[in-house]
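Each of the next two complexes has subunit A plus one more chain, namely subunit B in the first and subunit C in the second.
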Partner chain A sequence: MSGAAPGYVAILSAVLVKDLRAELRSKETLATMGLFGLVMTFILAFGFTADPATNRRVIPGALWIALLFAGTLGVGRTFAREAKDDAFSALILSPAPRSAVLLAKMIVNFCLSLSVMVLVTPLLAIMLRVDLLPSLGPIMLMLALGAGGFAVVGTPLAVMAVNARFAEVLLPMVVFPMVSPVLIGGVKGTSVILGTTFGDDGVGGWIQLMLAFDVAFGVGGLFLFERMVTE
Partner chain B sequence: MTSAAEAGLLRVEGLGRAYDDHYALVDLDAEFPPGSVTALLGPNGAGKSTLIGILSTRQSATEGRVYFDGRRVADSASMRQRIGFVGHRTMVYSELTARENLQFFARMFGLVSPDDAIDALLDRVGLMRDKDRPVNGFSRGMSQRLTLARALLPKPSILLLDEPLTGLDQAGVRLALTLFREARDAGAVLIMASHDLVATSKLADRALILSSGRKRFEGATGEDLAAVYAECIGEAA
Partner chain C sequence: MKLFPVMAVVGAAAVAAAHYLTFIVAPMERTMGAAQRIFYFHVPSAWLCYLGFILGFVGSIVYLYNRKAKADAFALAAVEVGLCFGLIVLLTGPLWARAAWGVWWKWEPRLTSMALLFLIFAAYWVLRSFGGRGEGVRRFAAVLAVFGAPNILFVHVAVKKWRGDHPDMVVSNGLTSDMRLALYPSLLALLIVFFLLLHLRYRAHRDALTVQAIRRRLARLRGI
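For the complex of A and B:
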């Protein structure tokens, strides 16, 4: 047995496997997010019951509200596990590249948010009687960019809030305003895809905005993470 | 090149840590020789945790320098490669089994083929029969034993111990002290912050006593740790 500086990809995959294994065993985060998404879907479906044409105008907002709350919930939960017995300290006191740890956490949060939306999107479409099938690909792309936005903003902030008092309250208060460009882009872009917004050039600009947001905050977070975890 | 006198020596020079309204550490010079156990003592707020935090690279110093092996510590990742840390919290993942926890941390330290070492350590800390059980079914003492195995797995040159005996029963305390002595005998630098002077005096051969962020005593102590502490701080431990 010998010790060498651990490789970036090896750390990335080890943290990913560890988090997914822990999640599959406890099902804590996915169950909470999934249940939350389901309840929200039912509330929105009953609250907005109208003719399909009206529902078609409403569904972009409903989808992004679901992502907003499920995403924030997920980001907080994944770090609650790290904070529970202070395992996160052992993780960042190892020689593992800290940005690899953060990147793995971002990927986990992205996967969790997106998997909830894979469940919620068809359910909302069925309950609101909106045919999303012809536009499903572009809508899922928008939701994936949105889930990415939540992951790149929420994950580093969750690390900073992990030992803060009232972390559950603090995190949404900080995350919500910061992800507003993604939310606006997502709602507007989804409306364009569904043809419920007029006078717009197309969805390309919104996709570019969301992509730029994800890349900027993702790269920025990876660069700043070392400072974030050093007191 | 590292001189023989500096090989394995951990040294801090003019170390300070300022917060907005106070200093947690003030101009601290201290040495921690290889193959020694230094008791880090002092009342609450003395600066013990801050010093451990800086040495672990979790906290940054606002003044001063840290040297190890004759070289200034500038790259925290290479320093972390040589550090083991045991705190009063268990620092393991409760959803994973004991073995999976150690395998995970072995990968974090870049250890190659660690399985035999993991089994040997699990056996040593008395968790071999429970190695495939998730940690959330463990008692506090069992989790702390696993933490000892986690910290010792990479064979650290520096072992930072912040109230490491928390949650251990008498047998667990004896085991921990034996493991720490073995690490010391292998040439590691051990620094142990604790309020338990009885247990600490069984292990430590030196002491660094702090008060209000300033050094009050540094040197060999022998069996008189409690007396030295009382003399420096003006109170019984």
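For the complex of A and C:
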């Protein structure tokens, strides 16, 4: 309402706060993702439970599959709310820099998938009887980097997917191969942390790889987003 | 229009010549035997698959910037032809691997990168085939190609780190001159086929656009 146009950060935080507030009020995405994560936990435990040594070896894979599936669910929902009442067009038509809108959505997705993992990780640890507590910090760091990679790739693709038929089927098909470097890095990095794989340069190399992925696709997506949506 | 039939004949002759060189002229490889001859189609196909995806990437970038349907038609044609060659690679690869390594599949970096790249562009193709024909779908696909092609660097690094203990396959060294004699003509023959297919698919997509435009105009003229 004042004369000067709001800055980039102001717009970013406005969209971010709006989305988080709407989510915290309705809790629809968080509830569906959380329940889905819970169901996944049982399915994975049924599928993989074996002797303690084997459980320790499979828990990284189980964690990352859960992150990937729950993340897909969340990413698909990102723009569903905006599609209602054509709010997305309003967002795009406003003079706000579009990359700020995208960045806000990426952060929302990141928060959602990470909060699901905060729920799923201890549950999986309990069900598979693997003591993750001593290495919880590094594992959560890996999961955060993974959730970041998923958010930076999945969010822009989810925006584009609203135009397609079969979007809910197409999206995972498109996103899964795209995030495979993150998945490989996450699974292997986690098993290095748990001491079931011995990498030559430890977990550091995997963290670097995932960080590079997050930064490259994050920056690339923000840069390209202006070109992606025009209505 | 005149060039196409000529090149089609040249292409057919070149493919026949490549077969002759591959199966008659090229020497029998000592350890792998006849299976090694797959290599003369496998390796050029892999290069042409990459070429198709790179052209698809370039076409998609151009499309995102100028929004010309032609650029999109070119990108789609290039991806389709790339997928054809990718299919050859992924079908001949396991045959060769079975003979050379005793297994159908190995998590070797080059193999895995190729497979994942194929999956990304297969998703592009499915999206284009079944996702609808609108402008939004074209943009979605273009974004996918622009993200997907560079992603292969990350995939390659990740798989290499993951399976770091496997030696890189040496393909260019260790070839006798007779083998080179079969490899490069084969590449040339398939390159001609590549551009013939690219031309045909590009023309088909452009014609489809024209037909669409004419239909729209007809519908308007009829007054609905």
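Quick notes
Just so it is clear, the second predicted complex is superposed on the first by the 223 of 231 C-alpha atoms of A that agree within 3 Å, B and C clash if a C-alpha of one lies under 4 Å from a C-alpha of the other, contacts with A are read in each partner's own complex, and residues count from 1 in each chain.
Everything that follows uses one rule, which is that a contact is a pair of C-beta atoms (placed from the backbone, for glycine too) under 8 Å apart; a residue touches a chain by one contact, two chains touch by 3 or more.
Owing to the predicted nature of the structure, the values given are computational and were not obtained by experimental measurement.
After overlaying the two complexes on the shared chain, residue contacts for A:K18 are found with subunit B alone; subunit C is out of touch.
By the touch criterion defined above, A:A96 reaches subunit B but does not reach subunit C. With both structures placed on the common chain, the touch criterion links A:G7 to subunit B but leaves subunit C unconnected. When the two structures are aligned on the shared chain, A:M228 is found in touch with subunit C, with no touch to subunit B. Looking at the shared chain after the overlay, A:M178 reaches subunit C, while subunit B stays out of its contact range.
In the superposition on chain A, A:A87 makes contact with subunit B only, while subunit C stays out of contact range. Within subunit A, the residues touching subunit B in one complex and subunit C in the other are 229-230. Partner subunit A is touched in their complex by these residues of subunit C: 64-65, 67, 116, 119-120, 123, 126-127, 130-132, 134-137, 139-140, 143-144, 146-148, 150-151, 154-155, 157-159, 161-162, 164. Touching subunit A in their complex are the following residues of subunit B: 53, 56-60, 76-78, 80-81, 83, 85, 87, 89-96, 100, 104-105, 107-114, 116-117, 134, 143, 150, 154-155. By the touch criterion given at the top, residues 153, 156-157, 160-167, 170, 173-174, 177-178, 180-181, 184-185, 188, 199-200, 205-206, 209, 212-213, 216-217, 220-221, 224, 227-230 of subunit A touch subunit C in their complex.
Across the complex, subunit B is touched by residues 1-7, 10-11, 14, 18, 21-22, 25-26, 81, 84-87, 89-97, 229-231 of subunit A.
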